[in-house]
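Below: a set of structures, written as structure tokens.
Okay, so subunit A shows up in both of these, paired with subunit B first and subunit C after.
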Partner chain A sequence: MAVIRMSMRYIRNEILVLPTRVIAVVFVLALLLMPLLTQDMYILRILAIASIFAIFAASWDLLSGFVGQVSFGHALFFGVAAYTTALLNLRLGWPPFVTIPIGALAAVLVGLLVGIPCLRLKGPYLGLATLAFPIMLMGIIFVFPGFFGGELGISGITRLASLRIHEYYIAVVLMLVLCYIMWKITDSKIGIIFHAIREDEIAVRASGINTIKFKLLAFCLSGLFAGIAGGLYTHFLRIAGPSMLAVLMSFQAIIWTIFGGIATIYGAVVGVFILFPTLEVLRAASEYRMLIFALIVLMVLRVMPEGITTFIRDKLERECPRCKVRNAFNRKECRVCYSEMR
Partner chain B sequence: MKNQLLFIAVIVLALAMVFGAMGCAPVDQEEEVSPPPDEDVDEDVDEDEEVVEFDGEIKIAVTGPMTNIQGEMMWWGAEMAMNEINEDGGVTIGDETYSVRLIQVETDEIMDPLGAVSAVENVIISEDPHFLIGGFRTEAVMPYTDLVAQDYQKIFVICGAATNELLEGRIDEDYDTWKYLFRVTPIKSTDLVTVTILMLNEVAMAVREELGIEQPKVAILAEALEWNEALVQMAPQIFPTLGLEFVGTFRPSATASDVTTELRGIEASGAQIIYTIFSGPVGIPYGRQWGELEIPAASVGINVEAQKSGYYPATDGFGDYDYTLMTFAQNTEITPETIPFIEKFVDLYGQLPNYNADTYSAVYILTEAAERAGTLDTDAVIVEMEQTDRISAAGRFVFDENHDVTFGPGFVTALGVQWQDGELLGAGWPIEWQPDPENAPDLVVGHEGMVPYQLPPHVLEQWRE
Partner chain C sequence: MLSDILVYGLMNGAVYAMLAVGFSLIFGAARIINLAHTAFFMLAAYAVFYFGTSMAFHPIIAIPLSIVIVTLIGVFVYYVFMEPIREHETAVLIITVAVALVFQELILIIFGGHYRGVSSIVSGYISPMGIRISYQYLLTIGVVSLSLVAVWLVLMKTRLGVAIRSSAQDREVANLMGMNVARIAAATMAISVGLAAIAGVMVAPLYTLEPHMWLDPLVLVLAIVILGGLGSIKGSFIGAMILAFIEVTVVFTMPGGSFLKVAIALAIMLVILVVRPEGLYGVYMEGER
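So, the complex of A and B:
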């Protein structure tokens, strides 16, 4: 009884006080309860893929949004993990719960290898350098087609789970857990250093902090999460192909994140869950679909330049001028310090 | 810093718009296009003619890159068959008559092969088609044949991807899982190789006869892709058996816009023949530069771009005399069905049909199998599909043990086509092909209407000099 009472108090004091938290909880519950509402395999497929892409987009946000290491070649981590996972599964017969973590570790290693030469680069130079890596890897895939399958990719991989509903829950639960972990990282002391590096790296170094270490850590963490997404995607589709390393794949992560709200983690998730199904809906206009899609994104960003989640949050909530705690827009006084909200 | 990121965002979105304008949709699309044929209003129908009322419909999903020429060809071929079948009274299954209805599925598999699976699953769930046909890019066809066969147990007839592994190693190893897959067009990769080698032999004979060179030199010019890797490795070993000397392999990118270096290398090697293996857009710059630079070597092999009506103008006429493999040619009667099919196709759609257009045969093969089975039950239709023996525009269709179209004399062979003075003509092979001269000297295969292969004039001139 005490537990229930505590839970209710927590919900009332920590969740119901802020509209965005209510929206987040409703979103999570809707995802978890979706199979009770519909067993439509197509809907479950789209939501499962959206969940995998949400991990991928959030991992880009962790690296580029929080640390300011703008990567135009994020598909590298996704692709490395995808191919590692596929090869381990196909050649050695290892199951997904083994291949996906190893694939993610391979992506971490690649994150380290990419991070080191990129440490001295900034802005567009860093962006272009990171763009080169997946293109180089794609070249390697075509140079050794017997091993990597060339343009045909590697197929015949074990599926993620025997039933679609199981695959759905694996993707959704992992997305929720991993995005929560990423969000907590950005909210931790490490996250504060990440923020600081993005805003003024020289000042951080002047404070005695080894920024090289933290930038490499960001590359590795981002690679880890993107790698998990790559492994999941490979087992979900049962193929690893060169299109996983394509420039379009890297750009998608950027578009989703910026649309949702950069440097937030949850913005990347929202961006994917709005834009990915939107592209499905736009099938009716097949020839103009991408054009319509790009126009929608541009129009939304014109009105909401910091992303849809930031825009909604700023409309629904206000920051207390005294203690900086967020409050619902309709409150007249702060819920913590009782200062008057202006 | 955030402002910089937003600036980058605008750049990325602008790039996305460029991709969009180029038709590079990132995920799959599905769209139902064809209205039920029994609701069509045919203006030419005689008022006295009895209007057929159908008891139901057979739904066939056509999956492919519909905004590209390959997908358009798939759709047009299937549409032509659908209209013919419905106008002829539909398909009789048991005591009932069914119309055929096509569902167009835009998979966008050229740009986003992995997204194609969602489009296919969407159509299966929303429309529940009886059969599926199509598929172009192997990277896309592999996962969606997985889905169709393993998850939904529906018949899928491949009409665009040649890779052996789509059927080999599947049906022969696990029949119950993969029995749903068939291939109608094109013939499988290894058979394509056989045809190109036979075509190469024709060119070698022409070089010997007209240039007096007993052992012609051959250079391989193949796009750097996996599908042709086995062919590139195998071909040099075959050349000596044809009395040819191998001088080297050149591997440009499949999307290269300039192959001058490779062509100059071939010229320096002294080759009289270029054995081309192109499926990608590199085929057009190759054709233009080969003619423009007057490279003294005859061009033969696979050049998918050269199979299209627009190849000649795209190369400014320099692609004339390029010799490539194809399924149909306007002047060639493979079977009595060929010329009427091509003429009707050109009349309706204004373009020569390519191999993807043989979705036409696929629709007939499926509906005839259902008719023979007397049911739309998948397993019963598969049994009848396996018994298929049909004369169609591309040849005689009989499926082998892997559910692949049988290649060889009397079945489907494909043919050589050559651009001659701006016309794409069936030429060279097979005119008087003796598949087994020792054991069956009387077996001679040839198609009516084919013209002899011609060496390009600039090759003749330069070697005679």
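So, the complex of A and C:
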């Protein structure tokens, strides 16, 4: 009884007080309960792929939004993990729960390999140099079509799980867990150093912090999460193709994250869950699909340049002028210190 | 083969130099990474296809008309979508991608996805020492050189040029000196898109037109400006020549070269970047370190 009362009080005091938290909880519950509401495989499939891409976009946000190491070649991690996973699965017959972690480790290794030469580069130089890596890898893949499957990619990979519903839950639960971990990382002490590196790297170095170590750590962490996404995607679609390394793949992650709100993690998730299904719905208007999509992105960013979540959060919540706790927009006084909200 | 490398390298280098100089200019003056830059190039090529082939205008009318229209579109895009949200650099970046996608899709809807060609402005060729060079190539190289010299003169000798260079050096101080930096940026955008448009109309007869033709040059232009140093005109020009010759040499000498040409060009860019993190002629501004 006491436990129930405690949890009720927690829900009332910590979740229901803030509209954005209510939205987040409703979103998570809706994702988890979706298979009860609909048995439509098409909808579940879209949501599962959106979950996988949400991990990918959030990993870009971790590296570029938080640490400020803007990467235009994030598809490299995705693609390396996808190809590693696919080759291990097809050539050696290893099951998904072995191949996906190994694929992610391969992406971490690549993150180190890319991170080390990129340490000296800053700002746009870094972004445009990282753009080069997936394109170079794609060139190699086309030159050895026998091993990498060339233009068609590698197909015939085993499924993530035997049942569709299991695949859905693996994707969604992994997305929720991994994004929560990423969010916690950005909230931790490491996250504060990441923020500081983005704002002023020299000041961080002057404070006696080894920025090289933390930048490499960011590359590895981001590679790890993007790699998991890449492995999941490969096993879900049962194909690994060169399109996973394409420039468009890297830019998709950037578009989703900036659309949703950069440097927030949840913004990346929101961006994917708005834009990816939108693109699917627009299949109805086949010819005008990409045009409408581009116009939506254009107009939304023109009106809300900080991204959709930041815009909505600022509309729904205000910061207490005294204790800096966030409050719902309609409160007259702060929920913690009772000072007047102006 | 050597002569082919020379001719194609010079030709591609000239076109890339046009694109890279424009890209570099707008980055310098407004700190905008304009990923729609090569989309304007594509737009100009299609405009000349539309006016020259579909409407059957004479090239003397069709070409300047295309350049002017594309430049106006560029200034319009700058004022409507980039200027109001200039402080949000990441949003501007994605807006330029979205603009490029809009152009690509509009062209796909209007002209369809099949390959289009434009007939040459001048036909015939000369063959000094057995090398066959068509007049269109000579014309393109000539126009590109003239435009680059003109841009150089504008930047070095006119008040506008001084204003552009000063706002590239330090936007805030330029603003404090009483310059209208927004208008300078718009003028720079016009020059930058104008250069892309000139490149577009000149290569329209040489390239095959298709709605995705902006992507490959974009990657190379990005590599070139990084190699040469962001914001440096000289660097962009030299970078363009280096990468164009590498690309052409790879295509002509290596098996599977057309798959590897971009990869090798980018690998060389990376090597140079590791040695010189600010590119060949780039400088780190004190405040942006």
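We adopt the following convention: the second predicted complex is superposed on the first by the 342 of 342 C-alpha atoms of A that agree within 3 Å, B and C clash if a C-alpha of one lies under 4 Å from a C-alpha of the other, contacts with A are read in each partner's own complex, and residues count from 1 in each chain.
One rule holds in what follows: a contact is a pair of C-beta atoms (placed from the backbone, for glycine too) under 8 Å apart; a residue touches a chain by one contact, two chains touch by 3 or more.
The structure presented is a predicted model; accordingly, all values stated were derived computationally and were not measured.
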* Residue contacts on subunit A - larger count, subunit B or subunit C -> B
* With the two structures laid over each other on chain A, which partner does A:A57 touch: subunit B (first), subunit C (second), both, or neither? -> neither
* **Partner chain in contact with A:S286 - subunit B first, subunit C second, else both or neither** => first
* Considering only the touch criterion stated at the top, classify A:I49 as touching first (subunit B), second (subunit C), both, or neither. => first
* To do: Return first, second, both or neither, reflecting whether A:I255 touches subunit B, subunit C, both chains, or no partner chain.
  => both
* Is A:L18 contacted by the first partner subunit B, the second partner subunit C, both or neither? -> neither
* Touch check for A:I100: first (subunit B), second (subunit C), both, or neither? -> neither
* To do: Name the contact category of A:I239: first (subunit B only), second (subunit C only), both, or neither.
  => first
* **Touching partner for A:G149 - first (subunit B), second (subunit C), both, neither** => first
* If you stack the two complexes on chain A, which partner ends up touching A:V297: first (subunit B), second (subunit C), both, or neither? -> both
* To do: Report, in rising order, the residues of subunit A that make contact with subunit B in one complex and with subunit C in the other.
  => 70, 123-124, 127, 142, 251, 254-255, 258, 262, 287-288, 290-291, 293-295, 297-298, 301, 305-306
* Which of the residues in subunit A come into contact with subunit B in the complex? -> 40-42, 45-46, 49, 64-65, 68, 70, 123-124, 127, 142, 145-146, 149-153, 155, 198-199, 237-239, 241-244, 248, 251-252, 254-255, 258, 262-263, 276, 279-280, 282-284, 286-295, 297-298, 301, 305-306
* To do: Could you please specify the touching residues of subunit B with respect to subunit A in the complex?
  => 1-2, 4-6, 8-10, 12-13, 15-17, 19-21, 23-31, 66-67, 106, 108, 111-114, 117-119, 121-122, 125-126, 138-139, 142-143, 146, 151, 163, 165, 224-227, 229
* Using the touch definition up top, name the residues of subunit C that touch subunit A in the complex. => 27, 33, 80-81, 84-85, 87-88, 90-95, 97-99, 101-102, 104-106, 109, 215, 219, 222-223, 225-226, 230, 256, 259-260, 262-264, 266-267, 269-270, 273-274, 277-279, 282, 284, 288-289
* **In the complex with subunit C, residue positions of subunit A that touch it** => 70, 117, 120-125, 127-129, 131-132, 135-136, 138-140, 142-143, 202, 247, 251, 254-255, 258-259, 262, 287-288, 290-291, 293-295, 297-298, 301-302, 305-307
